[in-house]
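See the structures that follow.
Here come two complexes built around chain A, the first alongside chain B, the second alongside chain C.
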Partner chain A sequence: MSVTWSRLVLWITIILLITITLLYYQSAPYTVDPYSVEMSKMESLSAMRDALVLSSMIYTMILIIIGVMAWTMPLKRCLVKTFLSLPIGRSVFFIGNVFNIFLPPFIVFLVAHVFAGLYILSYVSVFDLLLLFPLILLNTLFIVSIVTLISLIVKDSIVSLFLASSIFLLPYQFPMQLKYINSCYFYTVTVAYIWHCVKHVSYSEAINLIAVTSLVTSIALILSFIYFLKMDVD
Partner chain B sequence: MKVQKIGEILVMLGIAILLSNLIRSSNYSECCGFLLKPSKEAIEGFRLPPRNIRFEVNVKGGSIDLYFLSENDFKKMKEGKVAYIKYFHNITSLQWEFTVERGNYFILIKPIKFTDNEVFVEVYLTLYGIERDMTYIGFSLISVGIALVCLTKVFKRANEFK
Partner chain C sequence: MVKNIVEAKDLCKNFGKIRALDHLNAIFPKGICGLIGPNGSGKTTFIHILVGLVKPDSGKAYVLGHDSQKDSLKIRRRIGVLLEDESFPQNLSVYEYLRYVSKIKGYSIRKTIRICKEVGLYEYLDRKIKTLSAGMFKMLGLVQALIGDPELVILDEPTANLDPLKRKRLLNYIQRVHREKKVNFLISSHVLPELEEICNWAVFIYKGKAIDQGYLKDLYVKYSTGIYEIISDKPKVLAEYLKSFKSIDIVEEKDDVLRIKVKNYSELKNALSKALAEKSIQIISFRPLGGLREVFSRAVEKYSEVIN
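Coming up: the complex of A and B.
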């Protein structure tokens, strides 16, 4: 039964992510400058940036739901204890679960954007598209690390869902610190990407955002790992 | 088992592409205007999806020659050769419906008669219908996925009989 459930989640993730990602690439005539390749590139980039920002909302929501379910459900049903009775350690279980949460949505999201960039926008700079890989990976790990920490501490699905969603999706209702986390998350991918490709954003701003996001991700993951090693799973 | 999973994922990919294609196929209009002086010409480029396209032109203050060019035609024109997909001579208004493959296309406008000092040309592009290539991709993925799932099941059954 659990296999069917996980497969269903995978199917829904694939369908939702691809459908919504492609929806943000309009089926419209994109302007092409006949005499300037740079201008055409700018047009494609701005279309891609809009699609990235808009589709990242649903991507975040999917990651939050999968992350919370993957941690709180086994804890609630005491499945962690069952898993740990097998010849695997807590660290292997932790790493396996983190990979299980972020890898399928990450691959689907990345592939959908690269496909749309190459095929729909005909954006031929493969190097620029490859740059999306580390940036979306960092973005994904950032969300997953915070969701993991919240789920392990709170241990309740509904409360964790609300808390994680509030941090990422309702920034303006919360204090400055949380707002900063949210803005880091939203702009890391897009700002760094645009900085690289169009050079409109300052170098230091892009580097700062990447550094802060990496730092928060590392701290949250390390804290979650230590907490999981010490926690009572009965 | 792995092949069956790949098949299932391909079916899901196909469904997602078809679904997004259906939702993306709402009508879309784009308009641009050109103010042309004697002996001046205008060129505009678009990356068009393979949908049904209604192309409307209204000319005020004279008449024009209009060329609809593919990317290759445009390159040839730059080299001084004449090549085009469609050519309209001495028009003051136009309504043309066509379909194209996905790619870059250009319209070249040359004013030929002036009743005023300037010619004002309005171009409307309306896109409707679904994107044909995305539909093919979607159906192809679904077909390949179903074939993989069926083949896996057939082989599994054959092995059971052995």
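Coming up: the complex of A and C.
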């Protein structure tokens, strides 16, 4: 297991680091070029927000793929059946698999952002930068919980991938409810973060977004957990 | 001490409109037990319920005295399972995977390697699981099931994909493990001749119902046509000896096989016991014509007659 995951994590790390480095490159002239116009705090944060949004989309896609594959492929190949015929509890298996899905990409994504954020450390405090941790964690759990629920119910890789991608990445083709999920997702990190740094967004709006995201995450995880405990692994 | 290793009480399971188990009642005493039925009769669903993979719609199943739904984890700590469509992490080597399973079951890897040597998997320990042949894949499943010295091993179609040599080796190994380690087996199969060789108890399952169950020798008598096949070390001497019994007719003598027709089974039993004692004849095999397959067919026919 460890061999398979370490290889996967290595690839994710490489992809994320390349992507995030490229995305942050757009803010680089302001911060490293001595002849460029000095970047204002607002411009710097705006660049960071853009980088966050763009890299979040790639991060989301990676999480969706890993999440869907981690649930549907073992179910399809009967691996879940094999493991659950050993003395492994269903709850342990579920929690282990959820951790397996979100922990490696989360750590890589967070570390990459913290390193990239060091470029603009003169504009934001260390505390501002550390605030990324709970927000990215919440965002990651939000995606993983929805993907887990979809994958467990649908059980088919292609359909699950399509559904999860639709919810997170193609929101404007869908009704308002799904659009709301998407806006929660993208703006939980960005809006809350920017609110904190520049007081641009109202306090209540940021808190609402975080509360809604937390609630949806909790409900989706609890439902997935109960469903997994009760489901027939046939 | 539990008397029966497995018990099913009124088990029902539907998958949509398909009724997989229909008020199944069955018991499996200690020993090597066979779960016999055609494809689609509900054997695998029953095994999945025993292991806790599938939840029954109604009814109860007990494994080693534990409720299969409430104490699923306790059961899985005491049993070994080889599922029909078993799958393993393809990128791991056989050794890595078995070390992982040994760790889960709290078993020494050295003992696991010893089992590998016994079933002929030792040479494949360094191979990736994805490179194993279908036969070796099955053997890996068997080793996994035997890790942890289980009290009961459940095998679902264990000989599928095995060549005759490996099949024979596997069946001999099961018998040896049962004899030496007192491990009980519940074997599900639709390949009846091989079950006939090793089982002492059988449950006939048909359309999700247990249509009959009992010791093989009793089922043979119950569904016999009256014609039996006897293989002995001295077939000619035995034939001459049996001719002296009025209720026994010799139907055919071919090579080592003696085919006889008998009106009274208990008389035949006595006759064979006497032959054993007086003439020192060793009975290698004794079964009704057509063997277990014929017995099962007759059980199904009888059940269908009753239903209709």
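Keep this in mind: the second predicted complex is superposed on the first by the 194 of 234 C-alpha atoms of A that agree within 3 Å, B and C clash if a C-alpha of one lies under 4 Å from a C-alpha of the other, contacts with A are read in each partner's own complex, and residues count from 1 in each chain.
Please note the rule applied: contacts are C-beta pairs under 8 Å (C-beta built on N, C-alpha and C of every residue); 3 or more make two chains touch, one makes a residue touch a chain.
Here the structure is a predicted model, which means the values were calculated and not measured.
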First (chain B), second (chain C), both or neither touched by A:19: first
Of chain B and chain C, the chain that contacts the larger number of chain A residues: B
Which of chain B and chain C A:77 touches, first, second, both or neither: second
Partner chain in contact with A:233 - chain B first, chain C second, else both or neither: second
Which superposed partner A:89 touches (first chain B, second chain C, both, neither): second
List of chain A residues in touch with chain B within their complex: 7, 10-11, 14-23, 25-34, 40, 119-122
Chain A partner contacts - residues on chain B that touch it in the complex: 8-9, 12-13, 15-17, 19-21, 23-25, 28, 30, 43-49, 51, 74, 102-104, 106, 125, 127, 131
Chain C to chain A touching residues, read off their complex: 15, 45, 48, 51-55, 73, 76-77, 81, 83, 85-89, 91-92, 96, 100-101, 104-105, 144
In the complex, chain A residues that touch chain C: 1, 3-4, 77-79, 81-82, 84-89, 230, 232-234
